[in-house]
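Shared between the two complexes below is subunit A, which has subunit B as its partner in the first and subunit C in the second.
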Partner chain A sequence: MTTNDVVVEKRSLRSASLREAPVGTTGWFREWQLALPLALAFAALFVAPLLLLAAVSFYNDEKLSQPGFGSWLKFFGDPFNYKVMADTLLLGAKTVCATVLIGYPLALVYLDLSPRLQKVLLFVIVMPLLLSVVVRTFAWIVMLGREGVVNSVLIGLGVISEPLKLLQTELGLVIALTQIEMPLMLLPLISVMSRLDPNLRDASAALGASRWRTLFTVILPLSMPGLVAGCLLVFASSTTAFISQTVIGGVRLIYLPLVIWQQALAVYHWPLAAVASLALVVSVLSVVAALSWLGRRSGGYVHG
Partner chain B sequence: MRDMGRRQSLADISYGLVIGGLALLAVTIIVAPVVIVLMTSFTEGQTIKFPPKGFSLAWYEVLFDASKSRQIHRTAGNSLEIACFSTLFGVVLGTLASLGLARNRSRLARAADSFFMSPLVLPGITYGLAALVYFSLLGFRPSLDLMIAGHLVVTLPFILRTTTASLSQLDPALLDSSQSLGASWLYTLRRVTLPLIAPGIAAGAFLAFMASIDNVPVSLFLSNARTDTLPIRMWGMMESTLDVRVAAVSGVLITAAFVLMLVMEWTVGLTRRMRD
Partner chain C sequence: MFSRRTLLSGAAALGGASLLPGLAHAKGGLVATTYPGTWEDAYRGIVTPLLKKKEDIDLELAPLFAMDQVGKAKASRGAPPFDVFVLDPGPRIVAIEGGVFDKFDPKKLTNLAKVPDGFADDWGVCVGAQVVGIAYNPKKLPPPKGWKDLLADPWVSRLGLTGFQTTFGTSSIIEISKQFGGSLTNVEPGLVELKKVLSKVAAVALPAAMPGLFQQGQIDIMYTNTQTVATLKGKGIDIEFVKPESGSIAFYTTMHIAKGTAETANAYKYLDLVVGREVQEALSKAPYNFLPVNKEVPLGADLPMKSLDEMTKYVNHDWAQINPLRAAWIEKFNKDMAK
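And then the complex of A and B:
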């Protein structure tokens, strides 16, 4: 018996014990414990602030001296706030419609491109995502002004004779948000669509379906998970896009993020700001939850 | 039969026109604003107009002049410092958590993973307000440290997502063979796992860094006049007078994002990671 044999035996013993506990290693150490530092950081920096925000909403006054439901009653007793909430959710819905209307065709075109052109198009789509929202918002001020590019082009083409007022209108804001949020629609769409079996489209065409019919009966149902994911991201992002809403929408178009900002940093009424921001979270996340439920249902219908 | 064939081709032509037209509109809407801002930043004039008057680097000279644009330089420095530190802490905490959770199929591990991703869906402005209320009631004064902490939370999901994705694509046989050949857990991590997931970590770190540079909602609530960041400063400049320097700053940021993205594309295949 040489020392070599002993080493081999030791090794096989070790690997056997490893196989019994595949996630962990030796002694007290388990692999999942590596997540503990992040869990602690999130508890202190994420969970605690949000719980405190919820607690602060149950005070009646700015000085946080009288606990009660006063701020909730005040916020939901004011019809103006209902209009602001409805406008905010509608803005999200309009942006989602606009991004689907032009984003979905772009994803279809992406599928038909050569791998090389696909790379270029993907780069073009992702690029704005890495560009500051402030820069993209600023770009739309240049585009949408009275003497801006959009008006010049439309007048040049003879579509309109008088410049349209686009800045400080909801139409202008939706146009700008369509560009700003477009990558969030396209990335999940392209991700799902490029995994579709190309044979399905060919089979549909070979069986005599027109390209429209193939789109609506084959591609659209199968790409539903990507479409729903894109809609969720665009909706959640556009309803809370504070900078774009205030800079392009101006002071007359009021959405929930502006109300939160005003209450927190201009009026210093934290309880009201807390109520408004919880109203934003709940209303946006309930639409998101409803959409993803619908998405799962439609997905189940297609595959079932 | 022939009749059906013609109807089909008519349908195909209308399909090509409508889908192609809408896709063209989409590409135009994505690209045009970026190009037009770049062009207006080279104007000679005192106002932002399109087409720009003449061609000059005048506004870039004003922008890079240390005394004329001191505020912009200071806020850009803040932005870079916050982004560097929040990304650094994020990479350490996120990679550790990802190593701990990525191959763990238990229900608790899945829940923890979605929990760490949740800052992505929560409206940023709500978290910004929560952080302001929390730090103020704890008695902290606004500082870059608080901004780093806030940015860490909202940019961490980017690191976690790409790192977890590359870990789950890792062939478990590699780890098994490393361990059955007698390598310790730490040695396997250092010589097998980390080198293989490094591109994923780098892609996530890059996305987190850019998200921090870009962040508005958290900075809006946590910054004061001394600790404000470049986006907040630009927002102020856009709200008051339309300073042409905003176009010049945008030009610099567009160029930087473009160059960084090309580098990341060549080194770690960034767009592929974002698509998958």
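And then the complex of A and C:
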């Protein structure tokens, strides 16, 4: 064993003992004190309005004069709304799949780059976040439109003779959302993957595993927490992306945010808008909860 | 917890109007709504600098469609996100019923005598009129004759549709329906016909998205008001306004002071300036082509009507009858148009 190895071992021992240091009751309380300001802010700015929203949903009429379950019965009594809910969740699932398919290989590429190129790639990934979502969405109109960049190029190359219909279709919407939500997938993924010990890959190769086997049995399980976090963010963000959904998808593709907007700001039926909002929150949260359960399970699998 | 200015900035961002300049905090301030597009351009270009020069009031314009304004005012409960509304007849009735206006005293306007009789009442003052018809791209389509053409070839495959969220959308679908046997309170025949050609229609979108879609060539024909046509034309886009055979739709636009505002005095100064000769004259000229509401202002050549007296010759809709039906129409439109 060389001196270097000993140092590394000592270091890892120290960090391990730090990690496992028992947190006493006083320590636990101290941690809570630190979290208190944020907890109070959340209670005031998030929990209270949510309760108010729930209260509003239990009125039958627009003027909030007759309490009752009328709005709930109306919303859930209409099969159309189930379709809208399913479409909303499905849109999230499709966007998650697309961002994973494109984002994961990109994260793998990132791992193999030199630190300097990593910085460049990271900047490119974060850059879209610096632009307003409105601007990014309108840029996609220019890209996907009948006379947009994609169609002009394809017609110019002679691939197609009639412009493809990309705007106002779910395909176009998923394409745009994939780009718009990509940073939310890549950032957690990269932060987890760049902490992976490169020796593990070498060890796997030395033990005779092919590159694919290394990917599926070593890298993928270890990067699971990042992948799950990315999926969570992309799913929650794409299912609620009102501007992108309406501007790129149009109003023939109906998702819950559009229904909420119409009921709140065009019809002024707040109880119905509240029910639709709660339906969105609950349905998205249940998927998010399932995903994070999956994340915890995979975390346990890796460490245990 | 929230100041009305933060609420406003959030609201404006939601409306896709995140281009508001830094929100002013000057003492002599006023927040007034305006319609996105021509109204916004015209008021920003003419009224804002003039109000600053004459009264030292910093005018903030919040671009929002009429229904959105009423929705936001109702949601803010007593702390209005803006001081002055600009509304169409339908939302005006909803707003009066919702109690979001302060009582208006026309006598406080020094320019009252120059405004035609009946243009100011206990709720607000009329500042203009809008004329709605068909707009199309003359380089790509032959001129349509009337509402029925929208649903026929070759126009239908280039048509951009919007639903009942706005006054112009609602009025236009009513007029389309009338061509197929419907009436002011029965849009069913129109929706049935729309559904038949739906697979051909180029786009069904939110009202705010329509000018952008037209500009990008995604659609080449739509229903809209003359001012939107003027703005797009001003940007060099091929667009022409067509008065449908059955007549264009016209309605008055009114301004109102919000209940609970702290800027009542400034609001009256603003309204007085808006109906005054200087502003009305500037607004009536190209590229804005607004109909003047000041009797001293001569009428421009490009105006859709020669005087506001002509309003009676246009198609007018009774919004007291339409309002109670709109919620159901919006729902129906969603279901009929959904893929």
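As a convention for this text, the second predicted complex is superposed on the first by the 246 of 304 C-alpha atoms of A that agree within 3 Å, B and C clash if a C-alpha of one lies under 4 Å from a C-alpha of the other, contacts with A are read in each partner's own complex, and residues count from 1 in each chain.
Everything that follows uses one rule, which is that a residue touches a chain if its C-beta (ideal position, glycine included) is under 8 Å from a C-beta of that chain, and two chains touch if they have at least 3 such contacts.
Every value quoted in this text rests on a predicted model; they were computed, and no experiment measured them.
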Give one of first, second, both or neither to describe whether A:Leu52 is in contact with subunit B, with subunit C, with both, or with none. first
Contacts of A:Pro105 with subunit B and subunit C, given as first, second, both or neither: first
Look at A:Phe138 in the shared chain and tell me whether it touches subunit B only, subunit C only, both, or neither; answer first, second, both or neither. both
Is A:Val267 touching the first partner subunit B, the second partner subunit C, both, or neither of them? second
According to the contact criterion defined above, which of subunit B and subunit C contacts more residues of subunit A? B
Once the shared chain is lined up, is A:Pro128 touching subunit B (first), subunit C (second), both, or neither of them? first
Just checking: does A:Val247 make contact with subunit B only, subunit C only, both, or neither of them? Give me first, second, both or neither. both
Is A:Val234 touching anything from subunit B or subunit C once the two structures are fitted on A? First, second, both or neither. neither
For A:Glu147, is the partner it touches subunit B (first), subunit C (second), both, or none of the two (neither)? both
Name the contact category of A:Gln168: first (subunit B only), second (subunit C only), both, or neither. second
Overlap of subunit B and subunit C contacts on subunit A, residues 45, 132, 134, 138, 141-142, 147-148, 242-243, 246-247, 264-265, 270
How about subunit A: which of its residues touch subunit C in the complex? 44-45, 80, 83, 132, 134, 138, 141-142, 145-148, 167-168, 170, 242-243, 246-247, 250-254, 259, 262, 264-270
Subunit A-touching residues of subunit B, taken from the complex the two chains share: 4, 7-8, 11-12, 14-16, 18-23, 25-27, 29-34, 36-37, 40, 48-50, 92-94, 96-97, 99-101, 103-104, 109, 112, 115-116, 119, 121-127, 129-135, 137, 149-150, 152-153, 156, 179-182, 184-185, 207, 210, 213-214, 216-217, 220-221, 230-231, 234-235, 238-239, 242, 246-247, 249-250, 253-254, 257-258, 260-261, 265, 270-272, 274-276
Sites on subunit C touched by subunit A in the complex: 1, 13-14, 16, 18, 67-68, 70-72, 74-75, 94, 98, 162-165, 202-206, 209, 212-213, 216-218, 326-327, 330, 334-335, 337-339
Could you pull out which subunit A residues touch subunit B in their complex? 11, 14-15, 18, 23, 25-26, 29, 31-39, 41-42, 45-46, 48-50, 52-53, 56, 101-103, 105-106, 108-109, 119, 121-128, 130-143, 147-149, 152, 175, 178-179, 182, 187, 190-191, 194, 208, 210-213, 215, 236, 239-240, 242-243, 246-247, 257, 260-261, 264-265, 270, 273-274, 277-278, 280-281, 284-285, 288
